[in-house]
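The following pair of complexes shares a single chain, subunit A, combined with subunit B in the former and subunit C in the latter.
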Partner chain A sequence: MAKELWFAEYHDDNTRLGMRVTRELVAMQSEFQAIEIFETPTFGRVLTLDGLVMLTEKDEFIYHDMIIHVPMAVHPKVQNVLLIGGGDGGSLRELCRYPEIEQIDMVEIDSEVVNQCRRFLPQVAAAYDDPRLNLIFADGLKFVRHNTDKYDLIVIDSTDPFGPGESLFTKEFYGNCHRALRADGILVNQHESPYYPADAEEARLIYQRLTATFPLVRVYQAHIPCYPSGHWLFGFASKRWDPLQDFDAERWNARGLYTRYYNTDLHTGCFQLPTYVKELLESGVE
Partner chain B sequence: MTESGKARPVPPERLRRILNGTLLGQGNEIPDYEALFPGNPQAKAPLYEAVSLYRSKRIVPFDVPGHKQGRGNPDLRAFLGEDCLTVDVNSMKMVDNLIHPTSVIREAEVLAAQAFRAADAFFMVNGTSSAIQGMIMSSLNPGDELILPRNVHRSVINSLILARGTPVYVNPGVHTGLGIPLGMSPAEVAQTIREHPRAKAVLVNHPTYYGVCSNLKEITRLAHEAGMRVLVDEAHGTHFHFSPDLPVSAMEAGADMAAVSLHKTGGSLTQSSLLLLGEGVRSDAGYIRQIVNLSQTTSASYLLMVSLDLTRRLLALKGREIYDRVIKLANYARSEINQIGGYDAFSNEKTDGDAFYEFDLTKLSVHTRSIGLAGIEVHDLLRDEYDIQVEFGDLGNFLAIISVGDRAVVIERLIAALVEILERYGKEPSGLLANEYVKPIVEMTPAEAFYAKTDLLPLLAAEGRIAAESIMCYPPGIPILAPGEKVTKDVIDYIEYARAKGSLLTGTEDDKVEYLHVVRL
Partner chain C sequence: MAKELWFAEYHDDNTRLGMRVTRELVAMQSEFQAIEIFETPTFGRVLTLDGLVMLTEKDEFIYHDMIIHVPMAVHPKVQNVLLIGGGDGGSLRELCRYPEIEQIDMVEIDSEVVNQCRRFLPQVAAAYDDPRLNLIFADGLKFVRHNTDKYDLIVIDSTDPFGPGESLFTKEFYGNCHRALRADGILVNQHESPYYPADAEEARLIYQRLTATFPLVRVYQAHIPCYPSGHWLFGFASKRWDPLQDFDAERWNARGLYTRYYNTDLHTGCFQLPTYVKELLESGVE
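Moving on to the complex of A and B:
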């Protein structure tokens, strides 16, 4: 009998999440990182970069709902979007559901992630043919540096702060994004997890750097089963719109978009953080 | 790429949380260079091979070091790793001895000499400072003159104290726009040689910290014509030997000796270095080794020496390719930084055929005065606000070293941070000191002043007296005031200005650099 095959990701030095693998579809080293896609009985197809789970077919809706619909329900009129990272296509798919968006500049460093996801995760990489998409394969930090006062929304859908995504967690990057946003622009970002110490330290640093750059920064959360600890944070950094005060539930509900995770009740709730998370974030800010 | 549908085991290394974006187990093996470069003698690394063999023999050590392959010091072993401590060995037959090398160290030195096109090469384990000491002390007897520019590293002045030599300074050119000291103009060198025909040698910075090079070939010709040696402080020029797009290397220019910091831009471990000998001193190798041994440890670190051997091999085989990449990165950074506005990331265009004869393209030297910030202030902002450490900042410039280990992503970070700094902290460029060079007034030799009876005075009260010790900002470690020089108001102002801007001052016995030993009247 064939031996069982297991993928495991270490969430800290002594804790790991294992998934039984039934079939490996992609295992390659791109110019930037190791890319793998494999099948599991519980989570369906799984994409990993440098050994870390980026998404699974079964729970990706949670992450993509939360990184896109939260800011879209706050900003009254998003026309120009910059999406940094997100090569799997899930964030793009959700953005494309908004007809008022005129242009989406998507900057992904690794074209192989896009190629492999289009091939093996077509439900996620579903919107690459949208005519509003301007897909650029480049370093996000470099791209954003050359833009001023241009975007209504910047979405940072990145990997972790080590490896190819490292520069997308720096103060200089947030500063350059601030300049690239219009006067009422919003930036949302993947904000790591508050639980395991190494991730929590990153979350603290991200918050510290965002608050040093933007006048208004709020953090919200979601429950994502395949990520370390399952408890994940997102950052909402804004020049003007407040995610709760300027949020218009009726306006968003009138769109009639169906979302399996996001809803307008959850919108308010997701900004209410546990005490330990509040303490963690505030501990980094003078 | 794997074809779809083909089941493959997930390799165990992918089951680990991976740091730094490299798969564990990947890129961790040393390639088989002898297979990749058949017949190329540079593919060998004799010292590395001998030390590896020693490790594999699991010899029972009843000799020093006392940690006995790390067993006796579990904390250190946990920190550095067992692999590291098992090769921290003592000199013995299998691995040769740096004090008197006859086998694998010698072979490694000979390969290094060939790689750098030198007549001979010595491994150095006390930094390039010790190589500089070797050059100066083997060329000068007490009282002998050395012709040199004043903007030398402290190790040069210190060697003159030890050798009891007499410095004869050639004024470095000063770039009026940048305010930085340049190289030496050949005409000035020729003039100095005429005035001091008995000098034993000419010492040249090649390049300066900022990447400025003199016309080394012409200076060498002038010195040799007058029967003087040419000693080159090539601490920041390791890479010159491996790329045709960089300034001429010391050995190519015909210099007699060169001190090369393999650890600075070459990639070896900190403190490891090379002393190169040119054809002109080939027959003096024995005497030079004796001089080096005057102050060299008898327990040279094999970690340092193996790092020299492996680095030499890598550079000899792949240096061209490596430095092509480094030059591309630096050129890209310069062009992007110059588009930001305000900053001047200078390059070849500033060369003048004289005291700024050539420029080292790998140096990312950036002039900051027109954004209203001192170089040291930009250096501090980069570190404190953006977690970016550049090599040094002085009054008008900062220097980022681009070397074998750099990646495009970190260059982007530096550029982006400079954009931010200009926007958030940039000011009108008023009230900034323009000049990095204060012309010294030499009253006695460094050794006379250093060993004289002295008075200890507050620096501010020392005006008019003769300094008995040095004061410098570190880095770059170029004395603002050296022993034997007059303490002038200009020097004091410069020091206090650098202090106020946040430079780290050092050199005096007083660790706050508020008091100065001056020669008793």
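Moving on to the complex of A and C:
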């Protein structure tokens, strides 16, 4: 009998999700983090950074639909985008479906994530040859300091708030993003989970910092089974556009984009949070 | 060093959620199934039947809020309720918060579930002394055959569609429920999950059978981290009331019931399903 190989991610010290592994494809240490890609019977290929699941082939469409199509269905004309992180290429792939986007500045700290995903996750890293892409390998915090009034949309597709992604959750960073956005710009970010206590505390802090920086902040949610608890939050921070009042379902549907998770009814639904999540977020705001 | 004790639930053959166990409180075989209750650092006490997690103290409020308050916020006056399954007592507890309910016929097949939950999960099994309760230990399928035009609400709080709960997913059973409901009655049930293939196939079949029996069927969702994938569905089947058009948020809010998951904004939101879930459900309907 062949060996049984399991990957386990600890969601807290006392809870873990295990995935049977059939083959290891990548196991390396980059300048910034441990990068691993392995194959599983249930989820297809899985990318982990420092041991945490970033995406699986089975459900990456959920995260990428929700971080891109929600703001794109609100802002009437996105031309210049700043994508911070997202080295796997899934957010870039979804952005590239919008012809009105003229330029995407993508700032990823770790070129090895891009290299390995282009090789082993080509359906995710599918748009690296798009001519609108300006790919910069740099620290997102440093990059955003030098831009003012430039972007219609900033997407923060970061890892968790420790290790290489840590600076992307600071007040300084959000302030710089605010300055880098145009007068009607939108910022979206991955906003952690409300369920396990350490994640919930991060979600509370992110909301506190966003609301201290932007006049309009709303949080929305999605079912992402490969992430801890399966209950994941996204932040929508804006200088002008309201994600529900300024959302035009007809306009988005007229595009004819097929999306397996996002749809315009769900757009409205995903902003309706459970009471305990609302209480958690508001508990951090003065 | 003390032993490490872990419980694992397999979500499919190649995926498992593990919870560290600090103490086993109940491990018995009833006439119908294996009943276990154990303590965990993260989830508090956990009830499993035949090795599958039924509830945890940490998040049972989510399931019980969603199976009870959604229909109660739609139907204008629920007086007679049939609760099938739900031996842990959580659905009963939520029903008993409504003073207009006059009688609750609760049909649970396994008296040992009730006994063990009353002893070890008293905050869940909190309403067994309510005078409106008529507790019957019997097979739900057989019980419902003998009732016509009697109930305003039927709640099917069952285990999964194999073992003792299997008959509660048949066309015959749904037909009998239809007959047992009054002309404006509502049925709600736990509707499995859309994510792992075997669960998704069950969800597809449940929807197919409900739509063959009831004129109005809608599916809604909740984030329940202790269940496989964390993405769980509920069915709403009705002879008359539409869960969105006939829903009166003001009326429900005027009750002043505090709920940690449910709220009237989320009521509307939870019926907005992801595209892949809509496609799954509709794929079974002619």
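Things worth noting here:
In the analysis below, the second predicted complex is superposed on the first by the 286 of 286 C-alpha atoms of A that agree within 3 Å, B and C clash if a C-alpha of one lies under 4 Å from a C-alpha of the other, contacts with A are read in each partner's own complex, and residues count from 1 in each chain.
Everything that follows uses one rule, which is that contacts are C-beta pairs under 8 Å (C-beta built on N, C-alpha and C of every residue); 3 or more make two chains touch, one makes a residue touch a chain.
Computed from a prediction, not measured in an experiment: that's the story for all the values here.
Shared-chain residue A:173: touches subunit B; no touch with subunit C.
Residue contacts after overlaying the shared chain place A:142 against subunit B, while subunit C stays out of touching range.
Applying the stated contact rule after C-alpha superposition, one finds that A:272 touches subunit C and leaves subunit B untouched. In the superposition on chain A, A:28 makes contact with subunit B only, not with subunit C.
In the superposed model, A:42 lies in contact with subunit C only, and not with subunit B. Legend: residue contacts after superposition of the two complexes on their common chain; A:134 is shown touching neither subunit B nor subunit C.
When the two complexes are overlaid on their common chain A, residue A:8 makes contact with subunit B and with subunit C alike.
The residues of subunit A shared by its contacts with subunit B and with subunit C are 8. Considering their complex, residues 1-2, 4-10, 14-21, 23, 26, 385-387, 408-410, 412-413, 415-417, 419-420, 423-424 of subunit B touch subunit A.
Touching subunit A in their complex are the following residues of subunit C: 8, 12-20, 40-43, 59, 62, 195-196, 221, 223, 225, 229-231, 259-263, 265-276, 278. Subunit A makes touch with subunit B in their complex at residues 5-11, 21-29, 32-34, 36, 38, 48, 50-52, 119-120, 139, 141-142, 145, 162-164, 166-167, 170-173, 175-176, 179.
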